[in-house]
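Some structures to go through are shown next.
Note that chain A is present in both complexes that follow, paired respectively with chain B and with chain C.
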Partner chain A sequence: MDFMVFQYPMISVQACLDGILLGILFALIAYGMALQWGVMNIINIAQGDLVILGGYIAYFMYLYGIHPAWGVIVSPIIMFFVGIAIYKLVINKVVDRDLFISILATFGISILFMQLMNFAFGADVVLANSDYGTTMLFNNNVVLPNSKIFSAFISILFAICLVIYMKKSKLGRAIRATAQNARAAKILGVDTEKVYAATFGINAALCGVAGALISITFTIHPYMGLPYTIRSFMIVIIAGLGNLPGVAMSGMGLGVFEEFADYILGTEFRIGSVFLLLVLILVYRRFKLSRKREYLK
Partner chain B sequence: MKINKIIISFISAAVILLSTSVASFAKVVGDKIVLGAAISLTGKYSSNGVHTQNGYNMAVDRINSMGGVKVGGKTYKFDIIYYDDESNPKRAAQLAERLISQDGVEFMLGPYSSGLTKAIAPVTEKYGVPMVEANGASRSLFTKGYKYLFAVLAPANLYLDVAIDLAVEKNNGKPVTVAMAFEQDAFSQDVRLGVLEAIKRTGSKQVIDDKLPKELNDMAATLVKVKQMKPDVLVVSGHTKGALTAIRQISEMKVDVPMLAMTHCDAAKLSKQHGKNSQYALCASQWHKTLTYKDDFFKDGMTYDADFTKEFGYAPPYQAAESSAALLVFKDAFERANSFDQKKVRDALAATNMQTFYGNIKFASGGQNVDKPMVLFQVMCDDGGKCENKVVAPTKWASAKLIHPIPSWSQR
Partner chain C sequence: MNKNNLLLYSGILIFGIAAPFLLPAFKVQLSILCVLIVLATTWNIQGGEMGYNSFGNILFYGLGMYLCASVQVGMFFPLAEWTESGGEKTFVHTPAQFFQGMAVGLIVAAVVPTIVAGLIGYSILGLRGHYFAICTLGLGVAAGEISGGIEIIGAGQGFTTPPFPDVGSLESRGEFFYFLSFFVLILTFIAVRGIYTTRFKLILNAIRDNEDKAEAMGIQTMKYKIVGWMISAFFCGLAGGIMGGLVGYIDSTDVAFDGREMGVFMVLMAILGGKGTLWGPIIGATVFHIFKEGFWTFFLGWQYVALGVLIVVIVIYFPEGIMGWLREKYPERFGEVVDEKDRKAQVELK
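Then we have the complex of A and B:
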């Protein structure tokens, strides 16, 4: 245990800011998961792999001399169609089945994607350089890479656009209606099959944006998807489905929690601490529910 | 009765077929010495697995075209049976079993990485199959008392201890402060042990000792601590992702440290991926093309580099060079043993004392090569942004002078 983070106030500020910026990015991925979970009742284990695939699109643009920031536009477009293709090939066959089947199916997709990416892009760790520079705050004591600020800004932008789209557009309303009651929506003329495909596509597109941002901010590798799946799962569990402010808050909370865990327990326990938090929250929820049940009795 | 007869004849046919197919894979068939290798052609080690395979193939072609291996007055050629271990230790161990017990292989070449070599070594040891490996540097491989394992490379604990000695030397012989960040795998932890020994030996002090996770892509916390503690040396070892993440975040966070020492720089293609940001990084390497070791097959490092580049279209990382050297060691041992008896070949391997383009090779009783020092190169870039790795230590091989301390980010 190392309590340096509390001894130097500037390190605490650094950890909080890093965590918030990172958390906003996690929240974007989690929002996609929540949307799809809410509408289709599918927990997508391949979420992280879609993110990494999105990252590779930005990386290849970078390789061909295009600035990787353009990836946040190109990657979601390509990923939207990838999402629709996955839906048509696999997901539509499991969408009405129980949760366990969909978990297995998406787990299979995850393994397939990892191997395909490894086959197509190689096992090397890669990154796209944005050369965005650095912002120094508080007399150079707090350092924020501009790529992280850019990532957070783009994530917020996409989230706002999506919320407006869901509220105002016809498809957005159809998606919300299907999430509330698929059967009723169908009776009222909503083509739920189309809604499901679009939802999966939108989720993949959000993963594409996040992937492009991750290739600019961190590194990508065919086998690096799972931690992103776990984080989004965690955020959705805390925030609940269809609750964007909740997703944003719990994303940022998770980011800050991870940063502090990193400083106090060490980088090796970073992902482990997320798992621990997940277990604690699930136990707490169960405890709360059982108390509620007793009260009802 | 009739059915029984049919079944019996079917089984006997299968047995005959199987035995002939095994015989065709046996250790020495006609004029071929068949070696077995499980290599990571898919999975997370596939890039280095391919370098390993290319290194092996390059040496096989070269040795075969230059007269092959002479044993008992007859000339033999090398051949290798490859299987893909999918970067998975369990699979590697299964494949070693298969190579030995089904394919009849009696001599093995190593896989890529310490972890996979660790999985295979007990199998080759059990069957008494001599294995020359070129990509497993973990010290724990050489302390188990294996008799049939020989590694042409220097053990992991010798990777970065030189950097600490160098920092002390630059500090006028006075102890230095060291920040360390190591992944938690067998290899990186051995590198860490070597650094700890050097810290103890020089009376230096460790100020940060962080462990990096295998899914590492953010080490900002470690770097913030480095900024706060201002150590003389920062040592990072976390395979390619460790090297890439460190350089990206050090440059973004403008972390000033007088010396930055790492592993896996050339596997990470550091200077290509990060350009000028990777400048001044000090990297441990098993081999560099400018070293002046020589042999009859590849001549020297520069020639090997040119030939390899011509054949495979990219410059050879040290993983390829050391893999080629493994074949040279096998050839030498077969000829000295003048036999294909596994015990005799093993004894000949143990008595190896030779020079290859890759370095001198002489095995200690644990199987590690004790006659080849590690080299440290520093990434140096010209004004046009073109970066090159130049050897700076040991002094005997140095082609450039170490730049120390690293200029601060504000001056770059």
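Then we have the complex of A and C:
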């Protein structure tokens, strides 16, 4: 336990800013999760592994001498097709089945991806160095890497683009219609199969963007996927489906929580605290809902 | 039918007792198989019968593992110094100390997870469906991450369980652990079989089929759900305690709270065999273990890739499992009355 955070206010400021910038990234991943959950009623455990795969694409561009920031453009394009391939091979067979089946199936995909990445890229912790330098704030007391600011900016940009696309384009409208009522959408001539594939592809592409940004700002490792899945799941259940400002806010909140947990409990308990928070939130939600049920009775 | 059952059980019992002498090279594998069957069968109590698909039974398994080893060491030696010395054996158990410690350790390993399940049951089991699945998944991973940060049980560097004492022959270690796990397997089987003949099982099935309706019928579902989970936890803890001694080394995320492996294995074995049947998990665990060991031996390095593919294939193509398939094929053997006309009509429809 370390209470330096409370003795030196500047560290709190640092933790808050770090957390907010990190949280925006989480919110981007969570948006993808909310999208497929809302449209297809699927919880994708492999979400985090898609993120890591997207990160490796950017990392490989960095290895071959291309600036990793271009990964933000290349990685979603590749990941879109990876997502569609996963949908065609596995997801379309579980989409209208029991939710537990889809959880287990995506768990299998997650293990598969984890191991394939481990074979292909090795078990080292890697990062793509962007050489963006740092920004000093408040008399040099707070240090912010420019890469984090860049990643937050890009995430917001992608989120805005996606929201506009969902509102305006034909496919976006079809996706929203399917989310509201798949059967009615089918009757009105929407090819739901295509919509599902596109949704999963868009989700994978979002994961690709987030992964590329994570490989620039943080580190990636084949086994680091599951925490990202859990974080995005947590953000979605706090915010609720289809509540975009809520997703952004709870993403930032989670980021700040994690930074403080890191400072106070120590880095070794960081992931553990995320998972514990998930359990606590679900339990809190359960008691809240059961009160509501009694009220209804 | 009864006579057949008696023959079957005595055959299995005789094979179980003779197995370590018939197949001396596979003693460790057979003990692991026993533990896997125990895990799959007890997962089935709340996963298959009650419909609460948990990824978190690994919590009780890992808890039992750590508790058994800690008690075994802590009864005779200072625990902190033991873990600090790591692999170097500064303290040696005498045979009497070892067995005494093991016995007390196993009791603690069974009782404490049961209590834990009872305590957290009220809050966790109120969750439904996928929320429950994800919550228990988080619980298992959180336990692994947190126990990896606790110094007294070895933190990240792991915990070496007491080595088997020298009691004469080299074979005795394998035989001891085999018979221990086989005994626990028989205990589990008798207990689960007993449970499945009572009203308790019917209530669990009612909860699985429609919880709200069961509640409306006047069943206090929460009470039964917690008891069901506690039974699972009891045997998971026992299995974990044995497995800790068998492996000889406990690591927080790779051996004890191994949600990615053992935690999924138990779900997978139960589904492969057939959820909600007595024999399904047993058959599933046996098939799975043979398949897994074959893969581990011949395709070393690719085993997890194979595991991922296996999960996807089983879940997509065999969600009913082996028992479900048999049931569809030979419904008469399961005591179901089949209307021949109806059957023919169905075949024609297909």
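As a convention for this text, the second predicted complex is superposed on the first by the 297 of 297 C-alpha atoms of A that agree within 3 Å, B and C clash if a C-alpha of one lies under 4 Å from a C-alpha of the other, contacts with A are read in each partner's own complex, and residues count from 1 in each chain.
The rule is simple: a contact is a pair of C-beta atoms (placed from the backbone, for glycine too) under 8 Å apart; a residue touches a chain by one contact, two chains touch by 3 or more.
Quick caveat, the model's predicted, so the values are computed rather than measured.
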Inset, instruction - For A:120, select first, second, both or neither according to whether it touches chain B, chain C, the two together, or no partner. - result: neither
Inset, instruction - Check the residue A:8 against both partner chains and state whether it touches chain B (first), chain C (second), both, or neither. - result: first
Legend entry - Which of chain B and chain C A:137 touches, first, second, both or neither: neither
Inset, instruction - Name the contact category of A:188: first (chain B only), second (chain C only), both, or neither. - result: neither
Inset, instruction - Look at A:147 in the shared chain and tell me whether it touches chain B only, chain C only, both, or neither; answer first, second, both or neither. - result: first
Inset, instruction - Return first, second, both or neither, reflecting whether A:104 touches chain B, chain C, both chains, or no partner chain. - result: second
Inset, instruction - Give one of first, second, both or neither to describe whether A:278 is in contact with chain B, with chain C, with both, or with none. - result: second
Inset, instruction - Would you mind listing the overlap between the chain B footprint and the chain C footprint on chain A? - result: 115, 118-119, 226, 266, 268-269, 271
Legend entry - Parts of chain A lying in touch with chain C, wherever the complex brings them together: 43, 90, 93-94, 97-101, 103-105, 107-116, 118-119, 226, 230, 233, 237, 266, 268-269, 271-272, 275-276, 278-279, 282-283, 285-287, 290
Inset, instruction - Name, in rising order, each residue of chain A that touches chain B in their complex. - result: 4, 8, 11, 14-15, 18, 22, 115, 118-119, 122-127, 129, 134, 136, 143, 145, 147, 214, 218-219, 221-224, 226-227, 259, 262-263, 266-271
Inset, instruction - Spell out the residues on chain C that touch chain A in their complex, using ranges where they run on. - result: 53, 123-124, 126-127, 129-131, 133-135, 137-139, 141-142, 144-146, 148-149, 156, 260, 264, 267-268, 271, 301, 304-305, 307-312, 315-316, 319
Inset, instruction - Provide the residue numbers of chain B that touch chain A in the complex, in ascending order. - result: 42-47, 87, 181, 184, 210-213, 215-222, 224-225, 227-228, 240-241, 244-245, 248-249, 252-254, 268-269, 273-275, 277
